[in-house]
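You will see two complexes here that share chain A, one where it goes with chain B and one where it goes with chain C.
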Partner chain A sequence: MQQETSSIIQTVLDYVASPIRALQEWLSEYLPGDEWAAYLAFAFYVILILSGGLGAILSRNLIRAMLGLVLTFLGVAGMYLLLASPFLAFMQLLIYVGAICVLIFFAVMLTRNTDGGEESRLPSLGSLFYGLLAFLAPLAVAGPLIVMYAGKVQVETPQTVPSGKLGAGLLSSYVLPFELISIILLVAMAGAVYLAFRGYSPKRSGDDQ
Partner chain B sequence: MEISGISILSLVTIIVACLLVIALMVVNALVMVYVERKGSGFIQRRPGPYEVGPWGTIQAACDAMKLLAKELFVPANVDFFLYFLAPVLAFLPVLALFIPIPFGPFLTTLKVPDGVVLILAFAGFGLLANLLAGYASNNKYGILGAGRAVSQGVAYEIPMILALLAVVFQTGSMNLSEIVEAQGSAPWRWNFLCQPIAFFIYLVTLVAETNRAPFDLPEGESELTAGFHTEYSGMGFALFFLAEYANMLLVSFVCATFFLGGYKGPILDGFWWTFIKAYAVMWFIVWIRWTFPRVRFDQLLNINWKWLLPLSILNLWITAVVIKIV
Partner chain C sequence: MTTLTFFLLAALLLLALGLAGLITRRTLVGMLISVELMLNGAGLSIVAACQSVPAADSALGQLAALFVMGLAAAEATLILAMILVAHRRFGKVTVRDVSILR
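Moving on, here comes the complex of A and B:
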C-alpha cells in the first residue's frame, strides 16, 4: 500500500514539476550547458560573501558588523555546498554562526558600545595603507597563477565524500595535523583560563553556597 | 534532470514540504496553547480557559486574532533594521530544520546523509535571533535576557550534541531515516532502553534549549518582565511565539526519532506513531513546567558544566567501548 501511495505522490510531483522543467529547458538554451545553475549559485554566494565582508568593514555599529560577518559565513557555507561537501557546510554554520558569532556578540554586549567609540572613527592613512597591503599580498601570489593556468587545467566535478570516510581519513593518514590543531586549541584554552583566573582567590568569590 | 546533485523534483518537494511545515507550525501553536492552558489548569486544580466556545476551545484562535490586529509598537531609539530582522530570523530557519525529519517511511522531505548536523547548524540561528532581539530593543531587560540566552544556549548545546552523538555512534549513521530503521517495532527495541543516560540528558537539555520552565531564565517573567522579547508587540511577538512552539515541536520530533523509534510502533508502522510520540514529549515539556520551580542562574550553569557535560562524555566513552567490544 505504501508503494502505491509513493507512486501516486511521485506522479503528482512530476505534474507539479513539469512547468519548472519547461522553464529550465528554455533557460538552458541561453546559458552554458547544464552548469548554469552552478554558475548562478556561485554568483549568488560571491555576492553574499562580498557584501557581507563590506558590511563588516564599513559598518559603524559593532553588532551590524557582526551580522555582516554572519552573511559572509553563510556565503562560504554555500560555497562548500557547491563543492559537494555538505558536511563541511553544515559544520561551518554550526561552529562559526552558532558558536563563534554568538560568543563575539556576548563579548560586544559586555562592552559599552556607544556610537562615539573608537571603532566609529575613520581609520588613519597608515592603517589604510597596511590594510591595502594585506589585501594585495594574496592577490600578488594567486594572480599570476590564475593568469598562467587559466583555461589549461581541467578540474573534475567534485564528488561528495561520505562523512564516515572523512572521519576515517582524519584519524589515519591525516592524524598528525589533526592532533596538532587540537593542541593549538588546547593552548588557546589554557591561555584563556589563565587570563580569566589571574588574581583570583577562592575567598573573595564564595557566595553561592 | 540533475542540478549539482539535487534534482528539480526534490526542489519541488522541498517547497511543498516548507508550505506543509508552515501549516503544521501554525496549527501546532494553536493546539498547544489550548493544551498548555488546559493542562496547567488541570495540574493547578483550576478550570483554565472556559468562556470562549465549548470548553474554551476557540480561546487560542481568538488570541491569535488579537495578536494579528494589534498595533506594532516600536519604542524610541531602537536599532530599526535589527529590531525587525530578529523575529524573521527566529522564524525562517525553522523551515530548514524540518527537512531531514522522517515523519513516516515515505513522508520525509529529503533523506539528508548528515541530517543531524543540518538540524544542529540551523538551530544556532534561533539563538542569534534572540540575541539580536534583546540587543536591538534598547531595553535593559532585553539585554539581560539576551545575555542569559547566550550562556544558556551555548552551554546546553554541548551535552545535547554529545547525547545525540552516542546514538549516532551506535547506529553508525547521521541520517535520521537510517537511525529510525535501525530501531525495531517493539518498544523494548527502541534506543531509549539501550541509551538511558543519553535519553535522560537529551530530555533535560531539550527543555533548556527551548527556553522553557524550569530553565526559562532568558524570559523569566518575575525577574525580567519578558526578557529578550519585552519590547515586541503584535506580530513581532507572535513570530517569536510561533518560533518557540515550532522549536519545541522540532526537539520533540528529534527525540521521537532518536530515542523512541520514530514511525515504528507495536501495531502498523506509519507517520501516526511519529506524531503520537512527538506530542507525548510535548506534553512532558508542559508537565514539568508546572512541576519544578525555576532554577537560579548559577544553579542552571552548574547543572550543565558540572553534571551533564561529564556525564555525557562518560556516556559517549562507554558507548564507544561497548561498540568496539561487541
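Moving on, here comes the complex of A and C:
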C-alpha cells in the first residue's frame, strides 16, 4: 500500500515536471554548457520588467501603476542577483520597494488621485503619438550602438565583491561622494519638511505666499 | 552578443519605458513613477558594465549604483513635498494646471 502511494506520487511529480525537463533539454541543445538556467532566469526577469513597466506607464489607476513599479523593482533586483551583487539586490528591495514606493503611495493618497482621478481618462492621441516616439527613439539610437560595441568587449563572469570591500571603499577611496550624498539627503529632507509645513503656520493662515 | 549586451538592452528598455511614461502621464505623481523607472535603468547599466568588464573596478560600480539609489530617494522625498504644495495651491496636480510661472 505504502509502496503504491509513493509510486503514484512519483508518477504525478514526473508528469508535472515533464514540461520543465523538456524545456531544459530543448534549451541545452542551443545554449553552451549548463548556462541555460541563467538565461532562463534572465528571461523571467525581463518579462517581470517589461510587464511591470508597461503597467506602470499605461495603467489608468495610479495605485496599479505603483504596483507595476514594484514588479519592475523586483525584476531589477533579480538582475542584480544574476550580476553577482546580492548586496545591491537587497538595497534595491530596501530602498525602492520599502521607501520610494511608500512615498509614491503617500503622494497618490494625499492628492486623492486614485480611481476616477485625472489619470482615469486616456491620454489624447497626440500625446500617445509622442509617447510612442519617446519609446522608440532611445531604442533606435542606443540599441544598435549597444549591439555593435558591447558585443565586442571581452566579458568575464561577474564575481561577488565582499561587502567588507564595499564598506572599505565607502570610507577610504570614495568618502567624498559618500559625504556628499548624506548632505544631499539631509538638504532634501529639510527642504521637504519646510515646503510641507510652510502653509500650516498659525500666523500665515491660508495660502503659502 | 555577450551577456553584457543583454543586460544593457534591458536597461535601455527601462529608459524607453520611463521616457514614454514621462510624455504620456498627465499628473505629477505619474511622472514621478516614470522617473523612477529611468533611474532603475541607469543603476542596472552601471552595475552590468562594471561587473562584466574585467578592466573595471566592480566595487566602484556597485557603489555608484548605491549613490544613484540615494539620489533617487532624495528626489522622491523632494518631489513628494512639491506635489503637496502644488496640490494645496492649485487643488490639482495635473501638469496643465500647475504651469503658471508665478
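The rule is short, and it goes like this: the second predicted complex is superposed on the first by the 137 of 209 C-alpha atoms of A that agree within 3 Å, B and C clash if a C-alpha of one lies under 4 Å from a C-alpha of the other, contacts with A are read in each partner's own complex, and residues count from 1 in each chain.
Definition applied: contacts are C-beta pairs under 8 Å (C-beta built on N, C-alpha and C of every residue); 3 or more make two chains touch, one makes a residue touch a chain.
As the structure is a computational prediction, the values presented were derived from the model and not from experiment.
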Which chain, chain B or chain C, is in touch with more residues of chain A? C
Quick check on the superposed pair: does A:16 touch chain B, chain C, both, or neither? Answer first, second, both or neither. first
Regarding the shared-chain residue A:90, is it in contact with chain B (first), chain C (second), both, or neither? first
Which partner does A:57 reach: the first (chain B), the second (chain C), both, or neither? second
Looking at A:49, would you say it contacts chain B, chain C, both, or neither? Reply first, second, both or neither. second
Tell me the contact category for A:192 with respect to chain B and chain C: first, second, both or neither. second
In the overlay, answer first, second, both or neither for which of chain B and chain C A:106 touches. both
Identify the partner contact of A:70: answer first if only chain B is touched, second if only chain C is, both if each is, neither if none is. first
Overlap of the chain B and chain C footprints on chain A, listed as residue numbers: 84, 87, 91-92, 99, 103, 106, 110, 208
Can you list the residues on chain C that touch chain A in the complex? 1-10, 12-30, 32-34, 36-37, 40, 43-44, 47-48, 51-54, 58-60, 62-63, 65-67, 69-85, 87-89, 92-94
For the complex, which residues does chain B have touching chain A? 1-5, 8-9, 11-13, 16, 79, 81-82, 85, 105-106, 112-114, 117-118, 120-125, 127-128, 131-132, 135-136, 143, 146-147, 150-151, 153-154, 157, 172, 174, 298
Across the complex, what residues on chain A touch chain C? 42, 45-46, 49-50, 53-54, 56-57, 62, 65-66, 69, 72-73, 76, 79-80, 83-85, 87-88, 91-92, 95-96, 99-100, 103-104, 106-108, 110-111, 113, 117-119, 123, 127-128, 130-139, 142-143, 146-147, 150-151, 153-156, 158-159, 161, 165-166, 169-170, 174, 177, 181, 184-185, 187-189, 191-193, 195-196, 198-199, 207-208
In the complex, chain A touches chain B at residues 2, 5-6, 9, 13-14, 16-17, 20-21, 24, 34, 37-38, 41, 61, 63-64, 67, 70, 82, 84, 86-87, 90-94, 97-99, 101-103, 105-106, 109-110, 160, 162-164, 208
